[in-house]
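The structures come next, written out as structure tokens.
Note that chain A is present in both complexes that follow, paired respectively with chain B and with chain C.
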Partner chain A sequence: MNRLTTWFSAGLLALSLALAAPVHAQQPLKIGFGMSLTGPLAGNGKAALIAMQIWAEDVNAKGGILGRKVELVYYDDQTNPSTVPSIYNKLLDVDKVDLLVSGYGTNVIAPAMPIVMQRNMAFMGLFGLNVNSKFNYDRYFQIMPAGPEPAIGWTQGFFDTAMALAPKPQTIALVGADAEYPALALEGARAQAKRTGLKVVYDKTYPPNTVDFSPILRAIQATNPDLVFVASYPPDSAGMVRAANEVGLKTRMFGGGMVGPQFAALKTQLGPLLNGIVNYETFAPDVAGKFPFLDQFLAKYQGRAVKEGVDPLGFYLPPYAYAMMQVLEQSIKAVGALDQAKLADYMHTYEFDTFVGKVRFAKNGEWAVPRMLTVQYHGIAGNDLEQWMKPGHVTVLAPASYKTGAIMAPYHDNKK
Partner chain B sequence: MEFPTALVLNAIIAGLLLGGFYAAVSVGISISFGMLDVVNIAHPAFIILGSYVAYIVNERMGLDPIAVSVVLSPLFFVLGLLLYRIYYLCFEKRGQESLRGLAFFFGILFITEVALVLIFGVDYRMVQTAYSETTWRLGPVDFPMRLVVPFLVSVTMVVGVQLFLTHTFFGRAVLAVAQDQLALRLMGVNPTRVKGLAFALSIATAGVAGAFLIVIQPVQPALGREYIGLVFAVCVLGGMGSIWGTLLGAFVLGIAESFTSTFFGPSWAPAVSFGLLLAALAFKPSGLLGR
Partner chain C sequence: MSNRTFAAAAFTIALAIVVASRFIPNDYFFSAAYTVLQFIILATAWNILGGYTGYVNFGSAAFFAVGAYSTVFLYKALHPPLPVMILAGTLAAGVLGLAVGYLTLRMRGVFFAIATLALSVVLYTFVVNWDYVGGARGAYILQPREVPFGLRRYIHLLYSAMVLMTALALVVARAIETSFIGRGLAAIRDDELAAECAGVPTLRLKLFSATVSGALMGMAGTTFPFYLSYVEPSAAFNLSYAVNSIAMPLIGGMMSWVGPLIGAVLLGTVQQVVQVTISSAWNLLIVGVLLVLFVTLAPNGIMGWVDAWRRRRKR
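Entry: the complex of A and B
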């Protein structure tokens, strides 16, 4: 009888194990992140989230990864860096996610880094500027195409374009918000000014809740700079552009590191006021031929974005959010496991095919070759969105392989 | 350090224009917090609500946002009446207005934000007006209409509120509520009704200030939080419950901010503004025009 019971128990155990194995295999593959769904950068955060959800749907429609459906586990970080550590701890300890990626922007990527490093997780970052320069984490990767020296690469196009002007500019004014990204962008701009021998005649920051920017621009104008480099967030960028128009700013180049003109909201609201401004973009319809597969993504994204009330163009951030997930997907499939060290090794070693083109990472996890587009807006009339969807209003000035035309300088003669 | 005349004049004008806007966003707090002792920390959320109302009418019908906000201010007045009724019944009547009332207004702040997110999304919104891109130049001084129009309407509104409070029976009743509710009750006036109407007036001013805000800068649902410190600072600097004080305090902070930004760097502006507030409190604790 005892022997019979033993055999029966063993049989039950074997049966339960056999049944449990497929159940485990069906557990979703959880990818966790915080995302700015409210707060000042929520417009960008929500647009990125839509792109990541489209990716998850695309992957799941093809059967998932490693036979498991993908599940995105995310929380609203409120564009507030202080919420980020608790979100990532919860993702790891409570939600037990398999992989981590970052939310949008330098301000929320930096506070996630210590936790990610403690747990030895591979970590894909979404548009953080030069975050790894302080951490030197060998499992950090950044999808923003700023290049292996991000602070320099971010501003390279602006300065290269400026130094090609005749006669060569002599002076520059630097201004930016008191926040993580503008501080790093200004750091890069100072290094560029030093490299190119430009004299810095104004170098100040402003508090993020500044309402009127005209006193700042008048102070800049009083120094009579040849170039004005601005590192700002969306509401400040709008304030800067309006104030430049109101005070009649006279300078040869104006812009550089303004976040905001990349999105439909500011493109349509500022309209002709953007004419003459030199700034960065990650995509423009004028170079659509260099992004052959992006149409597939944008077709899916744009319909959904309109319904959700976020950036209906989706040129700037969403394609890269999707590409970030493609890198992760291709790495997991190639490695065949979720081993964080092997994933990081693979990402360091191989090139990835994504909707934003081929991506290869440098040793510090940044793009091996910079590809930020430096552009100048021109010929914009009125405030309709349609004109931004077609080529003709954005001249790509750098990098050379993407160049579509020459700069029109000075800024004040090309404002209209 | 040099102070060229053109820069000084522009700094003063820009400061006055900015101060006019600050007065509009703060006058409601001066009424609710300064006179009625209602710590309406949700006031900036109603400013943002005013921005979105102006935005939606401007976008759909092309009407001027500030004119729209003035016309629709009775709606905000009614909203204020309802809000005060809830606050009174749930907290003030039970003597729980201090801490729980504060929590109530915090809740209203978040609910308003979430409602705006759900209805309008999280993207920045801005309006187009006939004067947004126009700047008048008088010699070396610039007058950007984007700031001049809100300034003029704001000063008119604040002066109007002051005249209303000092030259009408109801206005005097509001001032009496601020001083001695019991005495008012003994004279046969219901202080709760007076407070309700005065609170509603404060919310109506927030609606109009919201239209100024969206004319001046892009707005998103959570922007109001950035104005919490400012509105209370202007109210305290000017003197609790003093409308003229609110106007003066707003001009002082506006000019301080503009002057500091022009000559010493914008990052010093908050330190100078709040340094002035501390100095005023140290030498005149009741505020510039407070009693």
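Entry: the complex of A and C
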């Protein structure tokens, strides 16, 4: 009998502890997303994930949000859009996350939109291109600084810089890959050419798996354009730059919309071949003063990135992935709750102070004012990474408030 | 069991599954099941030409994409109801299948396989340069806000349509297998010249097989634009469709309609589970190892292994 009483008491104690536990222990605040950890965009996805993990650690070190520790719940979307619906449904229905953010890029943001909209969730997007133009969802926000009209905002700096050249350029060649981003960038470039009165002397696309770009560059050279605007993904960007050097391309400005030179891999691979090229960046050490506190983040990021084997510079995407989470954090703290409608209202109304500067959202959820940096590379010698970490090799040409110097034109005379 | 009885049973079970699923509150089930069902149709369809007839088709993604892009085209042009888009996509892919059937006149074995791969590249290039369906930028296909039949969400409708289409694909595959057509296709697979000499109408049967196979693969793609809401060429022509359509019948067994079903359920479910449990580069490795193991240990697939086991027991 005595033994039975002991067992009964122990059982009762265990039961009461189990019931009491949820009351005393605060549930973590779960933020869910899919991220490309394998597949073609895994390099960017992993870099963004490191940034988001650093943010979660920083926030938890300060006691979390609303007194709750932050927990990131994420799955590998394999850079495959068809995995996205089931990932986001699982996050909501099985993992019961409190908030959602997107993975990297348009392809994986768009498939999540119907689910997010059905649940009326506020949704932060990471580098999606004009995703909300069709959905018109008033709780969608996007952290890439391309502005309310991304196609225009993306190309604005290149064309503003070009039209300030003396004498004014008359002709332009447009070339890009048959893929999603290049198509949008070329669309923007065509609109800018029309606006500025430039005559388009070459406007062609190439298949995404093209490896030899010399014939393309020779065909462009035959039209003798004043400007050459290129919209390409990293492998083609490398091919284009190499081909331009092989062919000895003669033009006043070359570049514009090449994805790739923003990353350490291409910066070190191409090295001096990048000299003279005008392209876009989202950060440059030359304007570090305009990004207060970013150096603290980059120091943490760069230490981890080397171990994880991802972009060791982390200038392009990681600061914005961190900033995306800062927007969410500041909104929740200001609203004091996880009410999705109030969070979205707050994001629409107020300006955010983030590691990438002040961020204010337009009605469609994009940045209210575009802030893509148009830069020119110069003085690059050798292929070491160190030179890219210091100011002096990247002149910011636009926007005006970030300008650090004047363009050196023509391209073919400034390849050093 | 006669084909009619099987068809009645298959559609009754499909309807029962659709009705029973209404009580599942979890949307994750519907999206994960949608993907697995999509692979069942693709594997079953591939097996009609690849397994029954012995013509290996590496262009499954092209047929799938034809189904998907016919929906995109119709959505933009006429905005018809979903069943019309499913029917149109199935017919369009069937016509492409017929064209592929004519390829078998001159090509066999590895040459045919490469030709189907090339077909996929040709169609990809065509779609990339066709601006009306979004071209390289892709197209947005918005899910309607009103969902019919009292369903809560549009994914429930897509899932229900997929269940019924899966039943149809299985009924068609079984009917072909158990009829004179199936026997003719088996003869072509074993020795086409001998089959021709024995009076098997090889061309007609191959055309039929390629058309039905293509049509069913296209059918699997017709609801895909609504599932994703955004279709761009690299998603619709994704290599995973071509690889899975071959791997699943290989694992399940290519000699009967049950093989692709088992292979697709097994591999599709493993992929879904691994994706949300391991969630790293390891998931690709695990699926790869599983494939190698099955191909090595059970070269005739699970059904082949089961048949061999049965034969041993009888002895």
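Structure notes:
The rule we apply is simple: the second predicted complex is superposed on the first by the 391 of 416 C-alpha atoms of A that agree within 3 Å, B and C clash if a C-alpha of one lies under 4 Å from a C-alpha of the other, contacts with A are read in each partner's own complex, and residues count from 1 in each chain.
Simple rule for what comes next: contacts are C-beta pairs under 8 Å (C-beta built on N, C-alpha and C of every residue); 3 or more make two chains touch, one makes a residue touch a chain.
Predicted model, so just to flag it, every value in this text is computed and none were measured.
When the two complexes are overlaid on their common chain A, residue A:Gly405 makes contact with neither chain B nor chain C.
In the superposition on chain A, no contact is made by A:Gly63 with either chain B or chain C.
When the two structures are aligned on the shared chain, A:Tyr75 is found in touch with chain C, with no touch to chain B. In the superposed pair of complexes, A:Leu37 makes contact with chain B and with chain C alike.
Looking at the shared chain after the overlay, A:Gly239 reaches chain B, while chain C stays out of its contact range. In the superposition on chain A, A:Pro391 makes contact with neither chain B nor chain C. After overlaying the two complexes on the shared chain, residue contacts for A:Thr205 are found with chain B and with chain C alike. Touch criterion met: A:Pro111 reaches chain C, while chain B stays clear of it. Legend: residue contacts after superposition of the two complexes on their common chain; A:Gly379 is shown touching neither chain B nor chain C. Residues 37-38, 42, 78, 178, 205, 207 of chain A lie in contact with chain B in one complex and with chain C in the other. Across the complex, chain A is touched by residues 25-28, 30-32, 34-35, 125, 128-129, 135-138, 140, 142-143, 153-155, 224, 227-230, 232, 234-235, 238, 240, 272, 275-276, 279-281, 283-284 of chain C. Interface residues of chain A facing chain C in the complex, by the touch rule stated above, are 37-38, 42, 74-76, 78, 80-87, 89-90, 92-94, 106-107, 110-111, 113-115, 118, 131, 134-135, 177-180, 182-184, 187, 205, 207.
On the side of chain B, the complex with chain A involves touching residues 4, 7, 10-11, 14-15, 17-18, 21, 113, 117, 120-126, 128, 132-133, 135, 142, 144, 146-147, 216-218, 220-223, 226-227, 230, 257-259, 261-263, 265-267, 269-270. Within the complex, the chain A residues that touch chain B are 37-40, 42-43, 45-46, 78-79, 178, 204-212, 214-216, 218-219, 222, 234-235, 238-239, 242-243, 245-248, 260, 263, 265-266, 269, 273, 308-311, 383.
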